[in-house]
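Please go over the structures that come below.
Common to both upcoming complexes is chain A, partnered first by chain B, then by chain C.
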Partner chain A sequence: MTEAALNVEARTMRVPIKIWRYDSATGERALKEYVVDAPEWVTLLDVLDIIKDQQDGSLSYRKSCRMMICGSCGMRMDGAAVLACKTRMYDIVQSGHVPVISAMGNLPIVKDLVVDMQPFWDKFHAVKPWLQPGYEEPPDGKEYIVSQERMNPIHKESLCINCGCCVSECNAMESDPEFLGPQALAKAFRFVGDPRDQSDVDRLEDLNSEHGIWECTRCYFCTERCPKGVDPRDSIAKLGAESVKEGIDRDLGAKHAKWFVTSAKTTGWLRETELVPKTQGIVSAIKETRFAMTLALKGKVPPPVPPHVAQDVEESRKLYDLVHEQGRDGAAGIVQGERGIARMEYLHETSGEEPPDADG
Partner chain B sequence: MELASRDVISRAEQTEIDEGRGVDGNVLLDLRHLGAEKILDRLHGTRELSMVFAGVDPIREPIPVRPGAHYHMGGVDTDVWGKTNVEGLYAAGECACVSVHGANRLGGNALMETITYGKRAGRHAAEWALANTTIEIPESTEQDAERDLKALLDRSDGERPWRIRDELARTMHENFGVFRREDQMERQGEIVAGLRERYQQIVVEDKGQLFNSDLTQALELEFLLELAECMVVCGIARKESRGAHARPQDYPDRDDANYMKHTMVSWENGEPRLDWKPVTVTKWQPQERTY
Partner chain C sequence: MLKGDPELLGRVNENLQRVGIPAYTGSIEVRHLLWEISDGPGYELLKQAAHKGLKGLRVAPFYGCQILRPSKLLGHEDPDRPWSLERIIEACGGEPVDYPAKIKCCGFPIIQAREETALGELIQPIEQAVEAGADAMVTPCPLCHLSLDAWQSKLKKATGKDFQMPILHLSQLVGVAAGLEASELMFKRHVVSVDPVLEKLEV
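Right after this comes the complex of A and B.
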């Protein structure tokens, strides 16, 4: 029920908004402006509802729960993906800005703000988003217990509501529409990181194929626009780390990442001149020789021989061994979590004040 | 009290609001004693909802809350495999009623429907689909549906459905909400009948074939109106208080002798037909609820 239906008195405001209308049957496209009077507490979704009810019944968009859990109302506001139900309008109206609403990117538009989610679901399905425990169900009346601590590493991935906001913003998918994309890969890590799942290596093999994890350009747009704090780029980084740890390193991306580690371990710094042969192979490297020579002559890179060894290289080696001993050379080495983010958000919002302790 | 079942909490909240101790039509839910750590850890979703919709951080301020329609104990009658009385039609989740929750679903028990009965219904439906090809639908049923749809789309003048929907929501909340009184329920029956009358003249603006949510929302409104009428008829007939059905003024107590039975309602010839089904008690004997 809407608050309007409850007759709760609220101050109203005038909300101007522009919407890109589109009809895939006729190919007609038009930017239309609407102005509605709405209570100050409205979200973008409420505004769309008012337009559809009272001004133009033909406006199409998806919606269901209205509370950030169903993932239906992903769309773009001023070119960036948002959940309509999560976007409060008050500050935007106060600023005088007239937002432009359009359908999500990287997916074909059906009508107005409705996109065809089929390519999204195909990729979602491709990562086998179900548990493959590899053990039998326990005998009657028994259950297996998994601790909260062991489930924590995939907590934020479990928050994904399949809204498509990350996919909408993905730059890699714009150049390679076949790229599995941030949502499917975050979901993949939700299972690779699940202590109960026994198919990690098979999953990683699949994810290392063409259009897999190494296609990501690390633009962080998915992380920036995710309305639930899933941070898909972090999940992709963890899948990469797990792949290398499992010895799945046939991709250039994996070789590139591995060389950074080897280089830091052996000389304590990044040997850029060896990066190309180590990543792309010797033939590619020879083709780049002239370019490398020019760089060296201009002093942009140091000459490859003799390799410069950092004075405190032992420190770097110790660090490597420590991480290895602790078993943190895979996903566990990437420290980023929901709690950390929530705490940072809190500090940010309260301008540095620490959260109050329990019991006041 | 905070951990009591939803109907108990709802009545407590509504009583506070009705008796003038509310704050802007709400009561305040204070979580601050839990501390930031626990709220961030365990109540992340609750905090997110509070911050987005109420502009309140529960670490620092109490959350304004009030009763709302969260879940309906009833639904499409199914057996324990999700089967309905229509051959080949299965129901699971919020739309279904396996009747495991009785007169009030306890917090956290949605999982029983999604995980347990979702799996059972899905598996059974798949088996049914593999074993059967088509089912016969009487031609007249299809023709009737097409005729109604065409009539709705052909109408170019009339009332837009939203006002009917909003009035239905508001009046159901007022007259068929947390507390129920005979006269209010009777009155609500008349209101719903009036709204159904108005519904006959609604107009759908979108005449297209493509993602026509103007049409689907109009059709849903018809179902909402029919369901509301069913609920009112059933509510009046159940002369006791049980779970979320609270009649403190005329029937404040649970009456197992007369009403420990399921309310069944079907839509026949344009009106609800009321029926009852016995409750089978096995291992767990019904007891009085105390806190």
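Right after this comes the complex of A and C.
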């Protein structure tokens, strides 16, 4: 680049922004407005830096890499968790909107935009985020080589940078703070799906606990918010599929999920009336009887007998058996779909340009 | 998904063929009623059909998770600032009521497996809609409809709060505005009575 090109002054714009200030020591909370002049290319993080540098040194937030890889700068913009260093301000300023910045949700606030990540790390550690090999060590202390193809199923989960944006808006965690949550569960699949890790069944047993995979409410906020494309809700679906495949199906959530398959196999439909007893077992289903009766009286449930069998139910059964034979049940079925989705996203973003060939 | 991956489509069709089902060509575009009537020709038709109006009924929109997220696969509207239900409510002659939990989860997927967690989610939109002064809530999702309507009794048991918030499915809201009979709209199947709404509209 020529010196002249380097010397071109970036055009500046006026950026108004509101920040929720908070001090956990005093409990004081206030929405403060700032206006800064900044180059047009700035990110939200740059704007915070300018405010701290020029207007208010007491503003607190976390940052390190400034390039979307350290996971420090998670915060909320207009209620949605973002990485401050990934969020460009130009379009927002042009639209005339004044964004409101606040700390991430589902974690205690320490000061301003800084949250206490301890509960996050506790859950992260709870899923044992390290390899538990136990495979036969290769002779002569040589490396254990895994093909790219066998690592591809956990490619997305490996991209996680522990930023917490997914946790911030997790609806199940809002309701029950003990829920393990999207980041820990995505990390768990990163190891369950790793061909070198030999403790899958133990891991799945742990993940089927009270606050494990079946507490996820499928709100898809994690997938919506993740800045790295990890899609934690899909990881949780894969863990559920693997659990059922391994016969770990004691949880009501697993029974519920299994009933969809059984029902489709036996009748070609979802047999809704039996969903409650099949999920909860007879005893608690009877306890639910009064509630169920109210629904039945209102005509909310179809009469239980006889189950209506679809005309071509044989097709549904054969298809199930075939997929099972091919080993496409469990997580594999979900992983193969993700490839199609990734390709779709790529084609969408590049307006139809073919993606480069991936290995495996 | 299949349209994006010819290899996967090939494999699926091979399996379909093996069990005697005709191949999937991907020629059908799946559209939701919400999308169909909130924009374009469907919206024009809606405005004509909703001739009876809603007399300014205050309606709280509740979207449901999987019509908004993941937005990269749905793409109809901004999942954090959706507009389609509001637009339909207005076209029907109602007044949309705004509240933060309108884009959140109703708890239905775990209502059997983790009831307490689910109820902790369910209470948010209902309580906020009550506080915002809504006469009724409307949702395009049949499962949200079920949990918002039928599980209010469980909320009462768990929290002592008896909201009695009438819940309409999107099709029912349009039906009322189009002058369909209450009997056709199956209001007798609701757990929380819709009568206060009908009285307000003098149907």
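Just so it is clear, the second predicted complex is superposed on the first by the 309 of 360 C-alpha atoms of A that agree within 3 Å, B and C clash if a C-alpha of one lies under 4 Å from a C-alpha of the other, contacts with A are read in each partner's own complex, and residues count from 1 in each chain.
Heads up, the rule we're going with is that contacts are C-beta pairs under 8 Å (C-beta built on N, C-alpha and C of every residue); 3 or more make two chains touch, one makes a residue touch a chain.
The model shown is predicted, which means the values in this text are computed figures rather than measured ones.
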Which of chain B and chain C A:D53 touches, first, second, both or neither: first
First, second, both or neither for A:K86, with chain B first and chain C second: first
Partner chain(s) touched by A:V261 [first = chain B, second = chain C, both, neither]: neither
First, second, both or neither for A:L31, with chain B first and chain C second: neither
First (chain B), second (chain C), both or neither touched by A:K298: second
Chain B versus chain C as contact partner of A:D251, first or second or both or neither: second
Chain A residues touched - chain C or chain B, whichever exceeds: C
Contacts on chain A seen with chain B and repeated with chain C across the two complexes: 339, 343
Residue ranges of chain A touching chain C (in the complex, touch as defined): 78-80, 171-172, 174-176, 179, 214-221, 223-224, 231, 233, 251-253, 256, 275-276, 279-280, 291, 294-295, 298-300, 315, 318-319, 322-323, 326, 336-337, 339-341, 343-345, 347-348
Parts of chain C lying in touch with chain A, wherever the complex brings them together: 1-5, 8, 11, 15-16, 18-21, 65-66, 68-73, 79-80, 100, 104-105, 107, 109-110, 112-114, 116-121, 146, 150, 153-154, 186, 188-191
Chain A residues touching chain B - in the complex, by the definition given at the top: 1-2, 4-8, 23-25, 41, 52-54, 56-58, 60-61, 67-68, 86, 88, 110-112, 114, 338-339, 342-343, 346, 349, 355-360
In the complex, chain B residues that touch chain A: 24-25, 32-38, 40-41, 44, 48-49, 52-53, 57, 59-60, 68-69, 160-162, 166-167, 169-170, 173, 204-206, 208-214
